[in-house]
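These notes open a run of structures that come right after.
In the two complexes below, chain A is the common chain; its partner is chain B in one and chain C in the other.
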Partner chain A sequence: MITVSVSHLWKRYGKTVALQDVSAEINGGSFFCILGEPGAGKTTLLRIIAGLEVPDEGDVFFDGQNVTLVSAQKRNVAMVFQDFALYPHMTVFENIASPLRAIKAEEGKIRERVHEVAAFLKIEHLLDRSPLYISGGEKQRVAIARALVKEPKISLFDEPLVNLDFKIREDMRAQFKLMQKEFNQTIVFATPDPVDAMSMADQVLILHEGKVQQFATVWEAYYRPSNMFVATYLGFPPMNILSGELREEGPHLFFVASGLKVDVTDLPGIREVRERKLLVGIRPEHLLLGDEKGAEISWDGEVLLSEIVGSDTIVHLKVGKDLGLRSFVPGIYRVAVGARVTVNLRRDNIYAFKESGESVIFPGRHESLFNTFKG
Partner chain B sequence: MLREKSRKIKTPYYLIMPPQVLIWVVVIFPLLWAIYISFHDWNPTISPQRTFVGIGNYLNVLRDARFLSALGRMFYYSGVGVTIQLVLGTAIALAIVEYIRSPRWRTTVLVLFLLPMMMAEAVAAQMWTLLITDTGTINNILVWLGFSPVGWRAKELALTTIMIVDIWQWTALPLLIAYAARISIPDGLYESARLDGASKWLILRKITLPYMRVPLAIAFLLRFMDSYKFLDKVFIMTYGGPGTATELPTFYLYQTAFSYFKVGYGAAMSWIFGIIAVIAMFFFWRLAKRMS
Partner chain C sequence: MKKVDWKRFFGILGLVVYGIFVLFPIYWTINTSFKEVGDVYKVPPSFIPTKFTLEAYKFILQGTGRLALSNSLVVAIGATLIAVFLGTMASYAYSRYPFTGLTNEGAQFNLLTVRMFPPIAFLLPIFWLWKTLGLLDTHFALIVTYSAFNLPLAVWLLKGFMDSLPRSIEEASYVDGYSFWQTARRVVLPLIGSGLAATVALCWIFIWNEFIIAYLLGGTDVILYTAYLPALRRGMRIMWNQIAALSVLAIIPSVIILVLFRKYLIKIYLR
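For the complex of A and B:
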């Protein structure tokens, strides 16, 4: 288990800049997620950590030692590729054994290790098969087994769940977490899916177009997003964004956006905001429908559509003058299209951003509140 | 109704009739005719009379020292020559992929290697015949470099010389096949292997070569078939000589049938030569099957 740190990494491919000044520290034994849309630079960062690419600028340190120019062969890093990269001409057993064969381990030890890892991942029955004739989920496990078998210093996973179907994905998330504990691994996990990050990661590095947006714990990124990109990216369905302005009326301060007027006088931090034009963010899960006790803000809404997602419901609403909002209701919530509902919101669940996207108000601002979230 | 049906059944046969007729006339009938001829002693320049000799011609061919040594030369020529072409072609292809990164340079180098292959066999043979005479360009260069001139067309060397020319011309084919096979191997496998800590040698042995097995087997087959029926360069460069030093079965066969006009004997020889090819292919396919 080692601590990996990258500092001021730059990588260009021709005219495209894949990484711009990326720095992060990955603590030994932690589950570290690199989160970003396709093309954000996740894979490039993983490949630089693995030693498959050399950065144009910047350094990679393993336990304080600069390994930027050390070849992949000598880093003892394991990587699971998105397409698994299993050797098609070898059996599953030989695939898993290959890292041990490369370091010329004893035959007895190879058998023991392969069976141990295969048993953990429940793929012992596949050992004699060819990787060409097993399912995607099974290939995935074989690729993971191959990574685990050599007891690497750090394991890198490049979007390992995207090629799997929904059910297996759910299953694998739990497996990853278990595996990390069982084998006491440092795991770096690149994914475009915020759900992966939120369900597994201790720390998350959010990339967008090669730039670090935020480097924090998942909960910190959720409650204290550094900007609107992070705020909308983390969370499903994405945050509602209302574009409007602050208006002073006597001693009161209101946020006004297309027919909605919210009294934000008491909102902590609002007095420090210099900008009049603001973007206000409300997470769908914070918009509660019906007669909510203790709601600080209530609006009348009309149901446009009610969409059942898995075992939850997303209600599309029209509020104020033509303002579309989405509310996330746990469980299956039956409501007729066109029905009038009351939409409630607690004031401390409000996020606000400058027009540039920078965060100015977020729930995590209230230190005490944030601590309870951190739990 | 019935006529309609029978017409339907016949139509496909009408459609394939022209090529059928052609194949029967130019392939199957001559083959059968050759079998018939092979059981006879016949020299059409002396008389139209054919004497039935049974399997006498076949027995004689199998006892014919000249045929057997030609066959031996063929196996030396094909075995060594094709193996060198394959090994060399593969090595060059791997080196191109390993060391030349820019696509433009890769194409340039590949085209350079392919040029000899684009040349007509006869042209290449003629060109090399001029280059390797005792006072030819090659020997002049050797002398200029301080070596003694080489008797390229001497008895001991002539067949090897032809083999070298053939290697010069045809290494490009296995090279091209090996190149295509190599670049179709996913990069991920190599990266995976590098992360496993595998050495270059191990990667070559465990990934590259196993992956290229089938295409290389096909390259071998193509080149082997070509060298089996090989005639042009021998014909132009040495005409089988000096003596019979470069006489391959194809050349001996040609001589027997069309110079000495021992037509029945030649037909028997060509059948034996053909059957050897079939047996060779049979073993080859068994091997190929086991490989994949």
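For the complex of A and C:
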């Protein structure tokens, strides 16, 4: 297993800049997620690591060795393409065997290895079929089998879950993790879905418009987001953002936003904040409804809408004058539209950002708290 | 009583009439080729030869006719192979790489315009070119000229097939550990196979049936069958049976190619 690192990568396509000064280190044996919206540069980064694209500036290292100009053929990487890219004129068996034929492996060995991988992915019954006549989920398994079969230095997955339906996605997430352990692989996984990253990744590289927003473990990015983009992107439903200002009243410090007044005097780090205008972020899962004992902040809210997503509930609330907030309640939570509820929040779950988006206050600031999150 | 499906009836009737319309000249050519020359001019004409004879075939296969047919085969095979070979490579480039200065469509359109002019517009300069080079009336000159005229067609047809081949399939092959040429052989060529077959068939037909180039650039040392046909006019008498025999022989290679490749040709129209 090798460590792959990229340093100061730049890539332009005509006038659009796909990557801007991207650096990251991918440890051998880890599950590494590249997270970003469509067009953020995820695919470009994967293609550069694979050797399908040469960066305009910057280098790619495999275990300290500069491979920037080494072709894909010679890099010994595996890649699962978004459209799976199976060879339509070959059987499923030949598709999976393709990387082994490239290194001229023995026929018996090829047979054994293909069957082993196919058995793991439960596609043995498809081996004699044409990839044209199998389902999307099966195609994806074949594409993954082709990547697993050759013991690559690193496996690259380009949004492999996007083309699959919801149910198969759930199954595949668990499978990916299992597969990584079983075959002892280093996996780089590009995805626009934060849920993928949060359920699978050891480390996550968050890209936005070709720029690295944060490179950290998932929990670090969740509790110590570097900026508002990361904070809102990582998490579902997205974080509530309130725009307001800090006001000093005697010894007390308040955050005031459209009719709401929060005493933040004791919020660690708040004294160091120079800016008066702030954006405060509250994750929907941190807004608890009902009579919480010992809640540090409590507001009265009115239920505007309650939607059930999967087996959880998102409650849309109106708080203060006209402040819209979303609360995430695990399980099915039945509440009438228009009902008055108490909204509770622990003070140390508050995030705050400068107007530029840079983080100033976040839960992970408190080292002890952060350590308990890390488990 | 069963209802008569008139729509189907007239459809089939229409096709039968069309079939007769298309096939009758071929039938008449074959019929004529087995007649004696006197029999050809008989009024009313007979629908089968009154005296069945292979005279005309013997004449064609013994004399210049055989030479003309073999010249035609050499030139048509050579030019088709060159046009399709270069066309495959050029269409790959057009399909995969950006062209600076011109857009890809522009560059390709430039190439296609070569086929929009009537060939006669180019032929005088081309004639002088070969004459100056001392290559007039050679297989080489004919093959090069025919390839040049058919290359745009080959590129245009094949580019469509190349475009429909996803790039990621080639890239998957690189990642699997294959080189560019291995990928071309393993993935690209098999997947555009039907395109290649169709292109071969169309290029062949254009080259094999061509007259003006054959007449102007060849004709003495290297005579192609299309240029030889008009020579089968003896004074006031036209040897229709010999012309028919040569025509029948000339149809054979095209029929073989069309039958072999017909399912790929249909694909072009269905695309």
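Here is the rule we use: the second predicted complex is superposed on the first by the 375 of 375 C-alpha atoms of A that agree within 3 Å, B and C clash if a C-alpha of one lies under 4 Å from a C-alpha of the other, contacts with A are read in each partner's own complex, and residues count from 1 in each chain.
The definition used in the following text is that a contact is a pair of C-beta atoms (placed from the backbone, for glycine too) under 8 Å apart; a residue touches a chain by one contact, two chains touch by 3 or more.
This one's a predicted model, so the numbers in the text were calculated from it and none came from an experiment.
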Chain B and chain C placed together on chain A: clash or fit? clash
Q | chain B versus chain C as contact partner of A:334, first or second or both or neither | A | neither
- Answer with first, second, both or neither: which of chain B and chain C does A:167 touch in the superposed model? neither
One more residue to check, A:321. First (chain B), second (chain C), both or neither? neither
So the chain A residues that chain B and chain C both touch are 50-52, 71-74, 76-79, 81, 83, 85, 87, 89, 98-99, 102-103, 146, 150
As the complex stands, chain A meets chain C at residues 50-52, 71-74, 76-79, 81-83, 85-89, 98-99, 102-103, 146, 150
Residue positions on chain B within touch of chain A in the complex are 186, 188-189, 191-199, 202, 206-207, 210-211
Per the touch rule, the chain A residues reaching chain B in their complex are 50-52, 71-79, 81, 83, 85, 87, 89-90, 98-99, 102-103, 146, 150
Listed in rising order, the residues of chain C that touch chain A in the complex are 166, 168-169, 171-179, 182, 186-187, 190-191
